[in-house]
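Got a structure for you, written out below as structure tokens; questions coming shortly.
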Amino acid sequence: MPPAIFIDSLVLSSMYILMASGLVLVFSIMGILNFAHGQFYMLGAYAIFYLFQQAGINFFVSLALSAAIVGFVGILIERYIMRPIGQPVQAVVITIALISVFEGLITLIAGPAPRSVTSAFPGTVSIAGVSLSSERLATVIIAVLLIAALYLFIQRTRLGLALRAAAQQPVAAGLFGIQVARVSTLVMGIGCGLAALAGAIMAPMFYVDPWIGGQPLVMALLAIVIGGMGSLGGAVVGGIILGMIGSIVAYYIGFWSQLISFGIVIVILLFRPQGLFGQSEK
Amino acid sequence: MKRQVIYIALAVVLILAIITSCVAPAAKAPAPPKILKIGCAMPFSGSASLWGESIRPVMEIYRDLINADGGWQVGDDKYIIELYFADGPIFSIPADVAAARSLIYDKQVSAIVSYFGIGYSAVAPITTAEKVILNSSTISMGTFNTEREPYSIFGFPAVEMSINQAMAVMEAFPQYKTLCWTGTKGGNVDIEKIYAPVDEEIQKKYGVRSIRLYYPEGTTNYTPYLIKMAEMGAEVLFSFGTPLEIGLMARQRHQLGYKWPIAANGAILDTSIVKGLAGSEEAMQNICGDFCYPWLLKKVQIAPRYMDMANRIRAEYKSKNGGKEPYAGAFGVGVPTMGHYLEGVQMAGTTDPDKVMKVLRGGTVETFLGKYTLSGKETYGSPVVFGFPCAMSIIKGNESVYLNEEPLWDVDHPLADVTDLIKK
Amino acid sequence: MDKAKIKAKLPLILLLAFITFTIIFPLVVKDRFLISILIEAGVMCLFALGFAAVFRSGQFSLGQAAFLAVGGYTGALLASKAGLPFWLSLLGAGLSSAIVAFLLGIVILRMGGLYFSIATLALGEIAIIIAKNWDNVTSGMTGIAVNAPLVKIGELSINFATTKLPYYYIILLLVILAALMFWRIDRSRLGTVVRSVAVAPVMSEQVGIHLMKYRVIMFTLAAFVTGIAGAFYVYYLSWVGPPLFSGAQSTVALIMCVIGGLWSAVSGPIIGAIIVSYFGTMMQIHLEGLRPLVFGVLVIVLIWFMPNGLVELQYRFPAWIKSLFKKKGKGPDAAA
């Protein structure tokens, strides 16, 4: 297997993991699947376009800003549009409607023409005699760092602990002095920020237009089904599996890789519906 | 109690009134005589809106110029042209169908031109039932049946012209011998097997080796496929993909270090857009696409009146758009298909659809892109497909420039069509 | 007659008036574009009714488009390859959808609500992938063309190719039949049991109600109706192909039911389907590029102000009108 394919699968996995983790976090707060999650990916890509490509701000600073801005938008959406609606069914429909709203809004503001983000890491590097795209390597490294940071934050910091407690047992957490509302807001912001980061780091590899949010959403959904709805670790595993299928399997078998992705999801739903790492719901 | 009844009755009447009032007034004032209404269903929403928005202004200029000249001569009369556009997002068939319906029932057009969506099979029954002439691309004509759809013509032989297009590119690069065909593949169709006889012919006639590698629909990550193509020895790619797919493929091949020319079946959008898709000027080099500017064609003879009109349209467009050239695709799918219908009406001397079809079917017609005798009898049961110059452009620097032509004269030529083989 | 009787029969009177109106409508209003929109709205009504039926049993099926596809292709194949007449093709389509739903249902309905929904989502996608790839049967992207049916009733022969009016009446009939069926089920003992399965599954089980049985029943019935809708739609378009069925379509059913009103089994989905379908097409024709934005915003606003759906209006409207009248009657200090 050519090393380029391996790197490619890592790149894909990175995107899926970031998207899926974000979706899991948002799910733990909203209690429903946020179908508009893909739109935050798109907004992140536009953010990096305007900040990095147009305004020339340093790439890493742009990344951070993109995540912050989009995370903030997510918080606003959750608080002012979603929260007033008590019932989950209506909330789901609103997230679906938000897809059209975002796509339409961005078409209006930025136009339908696709935009390009030049790579911050042009050219190739030679590792062990193999020539690899610097852009892709950089993307993988950044993604790994982000995922590691997320892991450390959740597992090792007090805030992360509060987060986990609030997600699993909000009432009890509240009794212990954890400000559940504030934690929820933070989690929502992080979740949407992750989607934005996925969009931002992937932007130089694809293009940016108002409709790029659709596919990442589908992949994120597949990933969390495979990994397990409530589990971040599951999101990682799901993302890796999908990345491998999209790249390695596509290289060897080519055409059927798409069906295989869905096929795995069906198999999981049939035999282990809670996902590889989810908790059994009875 | 009674009040409740009244309120509810009021509500019902109100709702009915609202719905009925949305209906256009049925009795219009009789239209001034001698108007020819032409409809066009193109994408104006969604990502494909780039095409629609690029083509529409050029068609409107053509209409304006004809009307400024006093109208289009049909028999003893001159007809003023009215052009109607409806949003047919081309990837949503129900929307295309609704667009066609609104054009036919609402606007009462006598022809729908420049349809290049995938919904031919759903639009044709409507146009046929109302005797509206449909000028479509062959891209979705799979279920075309000449007896069932006697009012369809195909002005853009997208499927048939691809081989000629590819060969035009290969001719311009004699140093390359291996062509890789790519695009989305439907299903378990064994494309290699079906195209084997075609590939043989290509090898014999042009000395070009064909390899084929397709990907599932919706793919945006072409890297695995590109790597495979490199292993298989590809030197030039020919893709049936959309500009988005072509641009992405160009971008990803550049990232892998390949510089192959990538030829597209359709016209290349404005290079600034392609640059956005491909990522950089470097990445978009050697992208080839359909290039139908009449004033640049070398291998087809264009009637002086059409060359004249083409130049006028171009001048008008440039003066309205700060010197920018009109979109090449507007002269591939847009304006010529309008011309096909107009020419047919003029040749028949009447707007009667049966007489127009009689003249067009198997007839010889002057178009913006040359003089063609409609063919397709062997392949489709009826000679209703136009030829095409299959001129290709290539991106050099920041511009899209003429590369080569390989005109398609006859759809029934074995190298032109493979639909027949698939049916077998 | 005393007032109580009139009040009790009022809904029925209104309903009959409405049905009479829909029957007379196309004969009076000759706008064929409007009629074609209404025909498509009718198909969406059946689609929404199917979704609502499954929802009634407590489950969200986000893949109903799969049954539209199964019904559509079955109908197309029966019509073109087997040469079956119109009504038989519709019936066959409904049955095949129902069978597929039954077989799938007994497996996937076991899962909890969320997993079932995702499973149906995946199934919807898979149905489309199969349609695109199973060339021997579905002809892939080319699709299958269906000749317009020629129906002979005694001396009268209705050629479906030249006029769409018969389609209008047929879909009207189908919608009325489906609505009747679901309404009766809802009112019957079966409906009560289904609702209890949805609202209180644990308790229902303890009382001895076999949850799966009722879920499967509703799922299968919904697929039957949806399959017929699919076949009808294919006849109407004279063509079936993968682009007709998109993942987004199934979510449209959800939107229709929510807008119409989730708590009603029949009138909610129908109202929602007609409104969404009609305004959706109108917006596309008149707004073009702006449509997605306007549509999304409208849906959000509608849900904010009427989370229980438009069906609520029938309760709110009289009170609102009354309040208007009351204000005016209060005297000079209440003048607007």
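Per-chain numbering from 1; labels A, B and C assigned in written order.
In this section, a residue touches a chain if its C-beta (ideal position, glycine included) is under 8 Å from a C-beta of that chain, and two chains touch if they have at least 3 such contacts.
Worth saying up front: this structure is predicted, and the values here are computed from it rather than measured.
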Next item on the list: Give the label of the chain whose average Cα location is farthest from that of subunit A.
Entry: B
Checklist line | Pair of chains joined by more contacts [C-beta pairs], A-B or B-C | finding: B-C
Notebook entry, point to check: How many Å are there between the centre of subunit A and the centre of subunit C, using C-alpha atoms for each centre?
Noted result: 34
Notebook entry, point to check: Roughly how many whole angstrom separate the Cα centroids of subunit A and subunit B?
Noted result: 37
Next item on the list: Indicate the residues of subunit A shared as contacts by at least two other chains.
Entry: 112, 258
Item checked: Residues within subunit B bordering two or more other chains -> 49
Check: Going by the touch rule set out above, which residues of subunit C reach two or more other chains?
Finding: 133, 289, 291-292
Next item on the list: Going by the contact rule at the top, pick out the subunit C residues touching subunit A in the complex.
Entry: 60, 107-108, 111-112, 114-115, 118-119, 121-123, 125-126, 129, 133, 247, 251, 254-255, 258, 262, 289-297, 299-300, 303-304, 307
Notebook entry, point to check: For subunit B, which residues count as touching subunit C in their complex?
Noted result: 1-5, 7-8, 10-12, 16, 19-20, 22-24, 26, 44-45, 49, 86-87, 91-95, 97-99, 101-102, 105-106, 118-119, 121-122, 124-125, 128-129, 140, 142-143, 145, 148, 186-189, 217
Item checked: List of subunit A residues in touch with subunit C within their complex -> 33, 35, 81, 84-87, 89-90, 92-94, 96-105, 107-108, 112, 218, 221-222, 225, 229, 258-259, 262, 265-266, 269-270, 273-274, 281
Checklist line | Residue ranges of subunit C touching subunit B (in the complex, touch as defined) | finding: 3, 6-7, 10, 14, 17-18, 21, 29-34, 36-37, 40, 132-136, 139-145, 147-148, 161-162, 237-239, 241, 243-244, 246, 278, 281-282, 284-285, 288-289, 291-292, 313-314, 317-318, 321-322
Notebook entry, point to check: subunit A touches which residues of subunit B in the complex?
Noted result: 46-47, 49-50, 185, 213-216, 218-221, 223-225, 227-228, 244, 247-248, 251-252, 255-257, 273, 275-280
